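In the part that follows, the structures are each spelled out as structure tokens.
Below are two complexes that have subunit A in common, paired first with subunit B and then with subunit C.
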Partner chain A sequence: MKINNLSTTRWVGLGLLLVVLVVLVLLPTITEGYLPVLVTDILKFVILTVAWVLFAAPTGYMSLATGAFYGLGFYIAAVFNGPVPFPIVIIIAGIAGFVVALLVGALTLRLRAAYFCIFTFALVLLISNVVLEVERLVTQTRGRFVETETVEAAYYAMLIIAVLTLVVAWLIRRSRHGLALQSIGEHEEAAAHSGINVTRTKVLVFAVSSVFMGMAGAIIATRRAYIDPGIAFSMNNTFLPVLMAMFGGMGNLLGPVIGAAIFTYIGELLLTRFPDLYMLIFGVVLILAILFMPNGILGLGQQIWAKLRGGRRAPA
Partner chain B sequence: MTVLRDIIITGLLLGGIYALVSVGLSLQYGVARVLNISHGEFIMVGAFITYVLFTSSANIHPLISLVIAGLFTFIIGWALHSTLFRRLMDTSPSMEIFEGKSMLASFGLYYVVQNIARIIWGSENRGFVFLNRTVTGAQIPLNRLVALAVVIVIAVAFYLFLSRTRMGKAIRASTQDRTTAGLMGVNIHHVLAICFALGLGLAGIAGSLISTILAIQTSMGLSYVVIAMIVVVLGGLGSITGAMIGGLILGLVSALVTYFQPSMTMIAYYVIFIILLLVRPKGIMGR
Partner chain C sequence: MHLLEGEGVCKNFGGLAAVSEVDFYVDEGEIVGLIGPNGAGKTTLFNLISAALKPKPGKIIYKGRDITPLPAYKICRMGIARTFQTVKIFANVPVLRNVMVGSLFGTGKHMSSSEAQKKAQEALDFVGLASLKDTLAGDLTLAQQKRLELARALASDPELLLLDEIMAGLTPTEVAEAMEAITQIRSRGVTVIMIEHVMQAIMKISDRIIVLDYGKKIAEGTPAEMAANPKVIEVYLGEECDA
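Right after this comes the complex of A and B.
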């Protein structure tokens, strides 16, 4: 924690944030074509990463179900988009993520962290199998067509949800629940003894974090004409946000955003030509990040900055 | 009756393979505290080593490559634990933090191993024909029976290793209480590295066996890890006997469900998993 929280740096930061936001809002009117699509993708990973960090960073509970909630959003969009207006579809996807996460959390979050981890890990495969089975029995098809939206519509929807995710994550960190989560992560038994309803807090925050994953899925789905369980439920959507969070650093909200932006961009450069190489680099970077940058690239930056300033302040 | 007999034999074989994979994972999690997501990738490595050796000009018998694959993955496991995971353990302030970090590191390994394999072998299905004739009377091909026999031999050998040797005793002691085991003169770093390496060795052997009976591809690993994790919870986190029993149960369930509706197997596993978490989360052999 910084002790002398200079108000000027705060204002500079806030101003910078405003500038970034204005640029992002005006982006589709300035340029056309590829750039908004790329930024939509970056925002998608920002949402997934920040939502994951929201629950995982304070508690230490590693959810591996991001891909499940995200894929659920795909199917909500496939079923409802068209007859139901686009914004309502996004809200339904959020509710679906919330409800499923509530069930999963109620079942596993009263047990040790390892159970939660294992259960959520297999959830992606389970839900994709259930969907496949339902489609086989009910519609006798493998995939579905999705009512598409324009690039701009998807872009703005994603931008709004990304801002919403960040604001909610920020508010939760500052609230009583955030403090409760922090103490659960540090010592669960002590937290329970000091009057925190441990299970309820964990389940609720996990469910809230899943709302945004479902929403992001619904928006991305409208940019694809056709989906099937293989497309919707990919393990990569679970693993990549974890990696981006580790790379960026989980100490504050800026880290995950930076991690998501950098890796999505590198991904765009490499993914089309050398997909295997890209994933290989991913793995190597992840291992190196865990070994040598325990606080992510942001933490590393802060450390170097502190050294340059003469090392009077302890690194955050 | 023949249907029931075939279901049981297939189930035992699948169960035996699941048991090998799960015992490996159980050693890694129960003793070395690494929830190893990349476990399945070493199954894939074992399978591809066997495939490559069999289809190459050397035409090495799968039962010989089984040993090669097991040794190869064992050595990799040893090297990984004594560099990566040992360093993580030394730098982690508590066991919970180490568990989190080591799991994330195994994510990294998952990506590294899988994508090296994809660069070398691509992503299409591979397979080779090995002892593909049926035995008189039974509908089960000979290769499955051979694999079943091998699984039984390895399971018995492994059980004897754990119960009769000094190293086995050290491993069992470290499972129960690593600090006290260390105080009793067990070289704990050595034991942990052995456990992790044994886990990967079993994965390599399982992969080798799988390659003799099923088609293999570089993305095959993940589904086996998912199954193995369910088995490990079913048997009781950290219990090696539990993992064996759990593996057999899941194999039999799989064979039974596959007979009626193959696409329902994953759902059936999950139904078992959910009932287990509701009724007895500590598992069959859990304390």
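Right after this comes the complex of A and C.
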């Protein structure tokens, strides 16, 4: 009975996933204009949030460098898109994210979590300022132009990378690296003395998560036409994924996805309806969410579900 | 050749010499007891052997190889496993997965996840936690958590096991069980070094005892010799005085 229940929920879940995927694939052919653009933005935040959660949730290392790798993708697109085909540009952006994260990780992941957090935050400012100075002194420009892609091209690229991010995050969670990451988060010393190469595991997964951040940046950049360091390395892209992950819940991968989707949509809604009050309402919503949903929207959902079922079965 | 050897091992914390110029050895198949008052440097010595800390100066030699520069995870994969004075389990991870960390990463061999699971299961059977394998480790009692740590260490296939006060806080029955377990571990060919304050236990099962005081080795020998050694008695019972 119990097993039956479990497999039915699993099939329903799988079916739902498939429906969502089909709708997403067909979306640009059904409507055009605003909706695909909005969904591209949602998918971008899904990528950033899931990639951030992939590393931060199990290890407890709060990276604030998301914006750095994302912005790096912007500049890769500015430099390469046009002469180099769009898919290759995305791959280059991913590699760039990986390499930079590898270097940064090797330098900083020996630090304790709080110092790591501060360093990664500074990294965004550092890269942003270096790019600004290079533009001022070397190329003597302010910002750059990016060869644009169509709405559809950007949409499908983002959808593919979002699916890829989710698949990789799911595989890592299930693999031995997932267990290693969790052990590191719980007791780094015990993990090391049980044979886990703590530094290598952290650096590698940090670098993998940065691949997707770089890729998302490269795709969005092709819809911007003009970019400068302020746009590319905006702090929003660092902090919003963290808030979205908290909002959705970090217990599994569905939480960050739902968090990113709802959050982006609410943000968009507030920005268009109440442009002046946008930040104020956003802040209140966020505080309420953290106060009343400590396990995110998904945690709240599970709680309500458990109550509705009269506590016949403990929540999973 | 000794299984493990320390040469002039020192460790200072600021101006305090936690361990100073300690020479020691452990032979294969022995149970060696490490005793001494609080702050004598016993746990520091364990940390030096398992590479949580690096001796300065000094050398740790394992199977004839200088392992001083190696990182902790490599020491574990070479066959030196340990438990901690204050338990360090992965609280939000189920019991079986806790032990699988040892078998997946600690043996130094590539393990498929089914092999690792089998090994973890065996270790859990040995410490008597098999029925709790799906419980979150944080929900176990302290005595169970200590057994879990032992299982995790055993799952990494150690040749040398460092047990740091594994009997502290246990009831007399549990102490007896722990002693039985340690004797069995030795009979499987695992060498054991143990730190313990439960005197009747350590005196009974150790082949040899090393006594530390203020970071220095003050005596070494069989339990009977140590019980009669005036220096050891002085450290434990205070100086004798003529009234």
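One rule holds in what follows: the second predicted complex is superposed on the first by the 301 of 316 C-alpha atoms of A that agree within 3 Å, B and C clash if a C-alpha of one lies under 4 Å from a C-alpha of the other, contacts with A are read in each partner's own complex, and residues count from 1 in each chain.
Keep this in mind: contacts are C-beta pairs under 8 Å (C-beta built on N, C-alpha and C of every residue); 3 or more make two chains touch, one makes a residue touch a chain.
Remember, it's a predicted structure, so these values are computed and weren't measured experimentally.
**Student:** Label the relationship between subunit B and subunit C on subunit A in the superposed model as either fit or clash.
**Tutor:** fit
**Student:** Check whether A:Val84 is in contact with subunit B, with subunit C, with both or with neither, and answer first, second, both or neither.
**Tutor:** neither
**Student:** If you stack the two complexes on chain A, which partner ends up touching A:Leu243: first (subunit B), second (subunit C), both, or neither?
**Tutor:** A:Leu243: touches subunit B, not subunit C.
**Student:** In the combined three-chain superposition, what is the angle centred on subunit A between subunit B and subunit C, taking C-alpha centres, to the nearest 10 degrees?
**Tutor:** That angle rounds to 80 degrees.
**Student:** Does the superposition put A:Ala190 against subunit B (first), subunit C (second), both, or neither?
**Tutor:** After superposing on A, A:Ala190 lies in contact with subunit C but is clear of subunit B.
**Student:** Name the contact category of A:Phe121: first (subunit B only), second (subunit C only), both, or neither.
**Tutor:** First partner only, subunit B.
**Student:** For the three-chain arrangement built by superposition, which of subunit B and subunit C touches the greater number of subunit A residues?
**Tutor:** B
**Student:** After the superposition on A, what does A:Val198 contact: first (subunit B), second (subunit C), both or neither?
**Tutor:** Touch status of A:Val198: second partner only.
**Student:** Which holds for A:Ile297: it touches subunit B only (first), subunit C only (second), both, or neither?
**Tutor:** neither
**Student:** Applying the touch criterion given at the start, work out whether A:Leu111 contacts subunit B, subunit C, both or neither, answering first, second, both or neither.
**Tutor:** It touches subunit B, and subunit C stays clear.
**Student:** Once both complexes sit on top of each other, what is the least C-alpha distance from subunit B to subunit C, rounded to whole angstrom?
**Tutor:** Distance of closest C-alpha approach: 9 Å.
**Student:** Mind pulling up the subunit A residues that touch subunit C in the complex?
**Tutor:** 176, 179-180, 182-183, 186-187, 189-198
**Student:** Which subunit C residues qualify as touching subunit A in the complex?
**Tutor:** Those in contact with subunit A are residues 50, 52, 71-73, 75-77, 81-82, 84, 88-93, 97, 100-102, 104-108, 113, 152-153, 156.
**Student:** Name, in rising order, each residue of subunit B that touches subunit A in their complex.
**Tutor:** Result: residues 29, 35, 37, 84, 87-88, 91, 96-97, 99-101, 103-105, 107-116, 118-119, 222-223, 226, 229-230, 232-233, 237, 263-264, 266-267, 269-270, 273-274, 277-278, 281 of subunit B touch subunit A.
**Student:** Provide the residue numbers of subunit A that touch subunit B in the complex, in ascending order.
**Tutor:** 60, 62, 107-108, 111-115, 117-119, 121-122, 125-126, 129-130, 132-133, 136, 235, 239, 242-243, 246, 276-277, 279-280, 282-287, 290-291, 294
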